[in-house]
Amino acid sequence: MVNGAAANEGGRAASLEVMLAGIRLKNPVLVASGTFGYGREYAGWYDLNRLGGIMVKGTTLHPRQGNPSPRLVETPSGILNAVGLQNPGVDALIDGHLPFLRRFELAVIANIAGESVEEYAEVAAKLDREEGVSALEVNISCPNVRGGGLAFGTDPATAAEVIRAVKRHTRLPVIAKLSPNVTDIVAIARSVEEAGADAISLINTLVGMAIDIRARKPILGNIMGGLSGPAVRPVAVRMVWQVAQAVKVPVIGMGGIMTAEDALEFIMAGATAVAVGTANLVNPRAALEVIDGLGAFMNEQGIGDITELIGAALPEHIGRSWEGYDDY
Amino acid sequence: MVNGAAANEGGRAASLEVMLAGIRLKNPVLVASGTFGYGREYAGWYDLNRLGGIMVKGTTLHPRQGNPSPRLVETPSGILNAVGLQNPGVDALIDGHLPFLRRFELAVIANIAGESVEEYAEVAAKLDREEGVSALEVNISCPNVRGGGLAFGTDPATAAEVIRAVKRHTRLPVIAKLSPNVTDIVAIARSVEEAGADAISLINTLVGMAIDIRARKPILGNIMGGLSGPAVRPVAVRMVWQVAQAVKVPVIGMGGIMTAEDALEFIMAGATAVAVGTANLVNPRAALEVIDGLGAFMNEQGIGDITELIGAALPEHIGRSWEGYDDY
Amino acid sequence: MPFQCEARVSENRPLDAGVHLLGLEAPEIAASARPGQFVHIRCSGGEDFRDPLLRRPISIHDVDGAAGRVLLMVRGAGRGTRWLNALAPGSTVNLLGPLGRGFDRMGGSGAGAGREDAFRVEATRAGASRADATGAVAPLVFVAGGGIGVAPLVFLARRLVASGSRVEAFVGARDAETLLGLEAFSSLDMLVHIATDDGSMGYHGNVVELMEKTLATPGRWPARLYACGPRAMLGRIRRSAALGGISCQVSLEERMGCGVGACLGCACRGKEGPLRVCADGPVFWMEELSW
Amino acid sequence: MPFQCEARVSENRPLDAGVHLLGLEAPEIAASARPGQFVHIRCSGGEDFRDPLLRRPISIHDVDGAAGRVLLMVRGAGRGTRWLNALAPGSTVNLLGPLGRGFDRMGGSGAGAGREDAFRVEATRAGASRADATGAVAPLVFVAGGGIGVAPLVFLARRLVASGSRVEAFVGARDAETLLGLEAFSSLDMLVHIATDDGSMGYHGNVVELMEKTLATPGRWPARLYACGPRAMLGRIRRSAALGGISCQVSLEERMGCGVGACLGCACRGKEGPLRVCADGPVFWMEELSW
């Protein structure tokens, strides 16, 4: 049971292969940006070739030192992180990490960030020339201007502007990574699709905070951080379900995936691929177990091709849509 | 150690009393709307007089049958609920439940909802004439028009309109209960403050969803539901911290409070009072344990008056503010 | 008046097919429980561990009042019940209980006594009560359980027998391995009818089908029918009870939050609007429900 | 090469003040661990329970290679470590390990050998090595631990002694009750200096103060100093080591996510930018850090 093929009950192998914005993934399981380093750190635990792909740590034009400690706080079934986009810069990614990643057969998705539209474009342009990069994931949840408070990802127009700029500087497929900290995720999704995004990934982290009650101050060095892990999964599944109905481009679902069952919620909500994030920190083999579990589920259910399951819980299949905010 | 007084190390009783929009609370611990019924259901477990106050189940003008089952799903460290505002209507609240609640010495806060601005106003007007109601909490996270998707609470102008209408129909203090499903919680908070809200409570639930992967459809009868419980606490603390800095009216903090430590995070983030919600479902004595724990903490720390702790972790006290969305 | 307690596990006996019999030391609950009521159990590795968050409702399978013990029959269905079934004797669990409205027993006393009196008249009218060996009126009662639905019926049957009813049990399951409660019912000296889907024991087929056949036998018309099991089974029970005019109570399952009637999370459809399974039930008169 | 395993708890012995000594059966980890490395432990009531979510890093206190056991010394600080300390022998925990860069021992071999060679030169230059009874060069080494910081030093001391160093331990704590590791150090036949804040045992005062006094004694100048303890203690150690020109390594603590270098959650301030406590440490040369 390797490389995305799972032995079916009848003996036929269940196919886990999916196409994502023109990229063939041997299985729909990626590892999420920032939770898997550059692959190296987990290469000792298993064969990276088993993965559908890796989304590498967010990369900026120049090296960044990140935030002061503490950068992590555990919260109920989740974590808050405020790493602060620490990264060695795009040149170091190209020279120091891409050669290592080229040794493996998996999709390598570069996650890029910037403090200005120009910076995004410049990073995109540098990576465009590099072999072994399958796609760019554009993280639009980082700050527009430090201190300004307006993030690229919370305004449809600004989000679209970033995506357009990136698209102009690369021939690679462009994945827009959306922030969940918005009133209307569908509006943002439609806007980046229109701007040319080839796929949409969501969710990034929810902004949160924790306070040290004895010290009487926020725990994180950066005061606030991003909430991820199983705690956020219901919000993520909901957003994927909403966005998948509203756009034509494929969606990559993430947020709290620990098991194949969790991944299947996202797939049935309309995700063509999924990413395992925080779970990697808890269980280095999490992504592998998700892959194996998908195969096992398909065998159990007699499903030959995972694409049959994509969007299975969308309105068109369940015969009803959501009628409003009537939640209690 | 009853009625909000905790024996201090030196023997002096720590005062838990707070003033909230003109209402004296013997302690800052309320129970959140929808999680404590009308008090009756928990009266068998302990003396309701120990509570600072009770926020009763959301009430509408006419009776509502609520959503089809299932209405609850457990999620990691949280729950999704889609009760659907089942309630017997405001007349039944007045005739059936207020008389019971009048027997206790605690703040009774009526939580009201409506499908139109007029309906909110009408419910407010009816309750205005009733003895034993301390304040109105206006739930602006429910649907504007069913199917329309725009909730009152996600647009600053509409939120303000509801609050203004309610204010015109009551002399009671009006608490605006905000939805966390927004890009900019501060803008909403400022808007309802300007519209005359005497206090702000937050957070209501985050919209989420869970899928039954074997049935291939959403679990909840209403497809989506509201996420509450410890899972959402970091988001709630963050929003309280942001709002408390931006408005002058008092803030009631809630979202995942299970213990006194959790409650203290909210208080230090700027909440004058807190509400225990989902925790009641898990531990009927949760609110009491929070009250006792607040007293114990104050004794441990040698604090005589809980008001000393309100906002202790706000920028003015910690000497720095948040600089932007730089969370990873 | 419900209690919250930290109950010691006094025994944990695995039965077949992932079902365990758990003994919990909870004297107040054991003393006050009525058949059909349930306990609400916190299933988590530590008091300050937040997942799983909600309690799990489990019927009171039986009580040993003298020993202050509550017995549960738990099927390892998901992570909560599996955790419960893995508890070693000596460990403790946090319980709320007894919760809910139990079965209205025949000739019993307590909260439901009013309704029970009403029933007695009704039962006599139906001619369902008949003289037993000593000449006294001993009403005939059926209890029918499918799968783990048998759990609450043992306590009920014990009380029914003790209060002088003639009780017959109808027990259904997938196969012989997954049949539950046989031992307990037999020890109560009552007739037990068995049905298995695969015919590996007793009647080959559905337990309601089996009961319907029994109903066709002269002199076997029960004054009351109590049932617990999967929805499909209850639906079928409802039809035969309605057809035969048998007074019938069913115990329902629904996902629960508080378990005490406060959150409205556990609604089922009643004839006159939503009913709370935890507080208005879990046992309902068939007529209260809308299917 | 790190391992992930489900380790059986072979023993759980409570020491004073909420500290437990845990024996875990993890043969691969026991065989490959080096002093200063740690294990990363999942503390949760069930495999599919999501809270607490993160693993807890715990230093390897000692290993029993023959029995395939790793020993941990765990202070019940919060919910994770308290859960760990409540584990009954026979239960299992999920471990990752050995993780991190351990102490660079004197005369040892393995991954850090290069740096150790460099050290030997340096030690000789400093005149810190001296002839022992047999005439061989036996370098003098100090290990200093405060509170639970003693935990990793026992394994280190054992290996140092085994490789021919003369080791002296400086052990500090609040009071006699909370002193840790005395038994273990004594069994290694080495000099143990004790300091307690309240003077209830040994020197009355800070352990670094006590060490400074020892440094003032002629002939007691160590070739290397290894320290683990609270930040304040390490800061003070740093000053005395720097002043005395003693080569010094410290083991740091930071909140961790992955424990393997991937998430950048555990950063501490290095001279040339952030360092990862889990992968670049937890043991650092004093000079690598910026305070």
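As written, the chains take the letters A, B, C and D, and residue 1 is the first residue of each chain.
Simple rule for what comes next: a contact is a pair of C-beta atoms (placed from the backbone, for glycine too) under 8 Å apart; a residue touches a chain by one contact, two chains touch by 3 or more.
This structure is a prediction, so every number in the text was calculated from the model and none was measured.
Shared contact partners of chain A and chain D comprise B, C. The greatest centre-to-centre gap from chain C, using C-alpha centroids, is found for D.
Rounded to a whole number, the gap between the C-alpha centres of chain A and chain B is 33 angstrom.
Between chain A and chain C, the centres computed from C-alpha atoms are 47 Å apart. Distance between chain B and chain C, defined via averaged C-alpha coordinates, is recorded as 38 Å. In chain D, the residues that touch at least two other chains are 48, 50-52.
Among all residues of chain B, those that touch two or more other chains are 34, 73, 76-78, 81, 83, 229-231. Chain contacts here are complete: no pair of chains fails to touch. Remark: chain B residues 34-37, 41-42, 44-45, 57, 65-66, 68-74, 76-79, 81, 83, 86, 229-231, 258-259, 278, 280-285 touch chain C in the complex. Taken together, the chain D residues at the contact with chain A in this complex read 1-2, 4, 42, 48, 50-55, 96, 254-269, 273-274, 279. Across the complex, chain C meets chain D through its residues 44-46, 48-52, 79, 82-83, 88. Across the interface of their complex, chain C is touched by residues 76-77, 230 of chain A.
Interface residues of chain A, counted against chain B in their complex, comprise 34, 58, 67, 75-78, 80-85, 141-143, 145-149, 151, 154, 181-184, 205-211, 213-214, 216-218, 222-227, 229-235, 237-238, 241, 256, 261, 264-265, 268-269, 297, 301, 309, 312-313, 317-318, 320-328.
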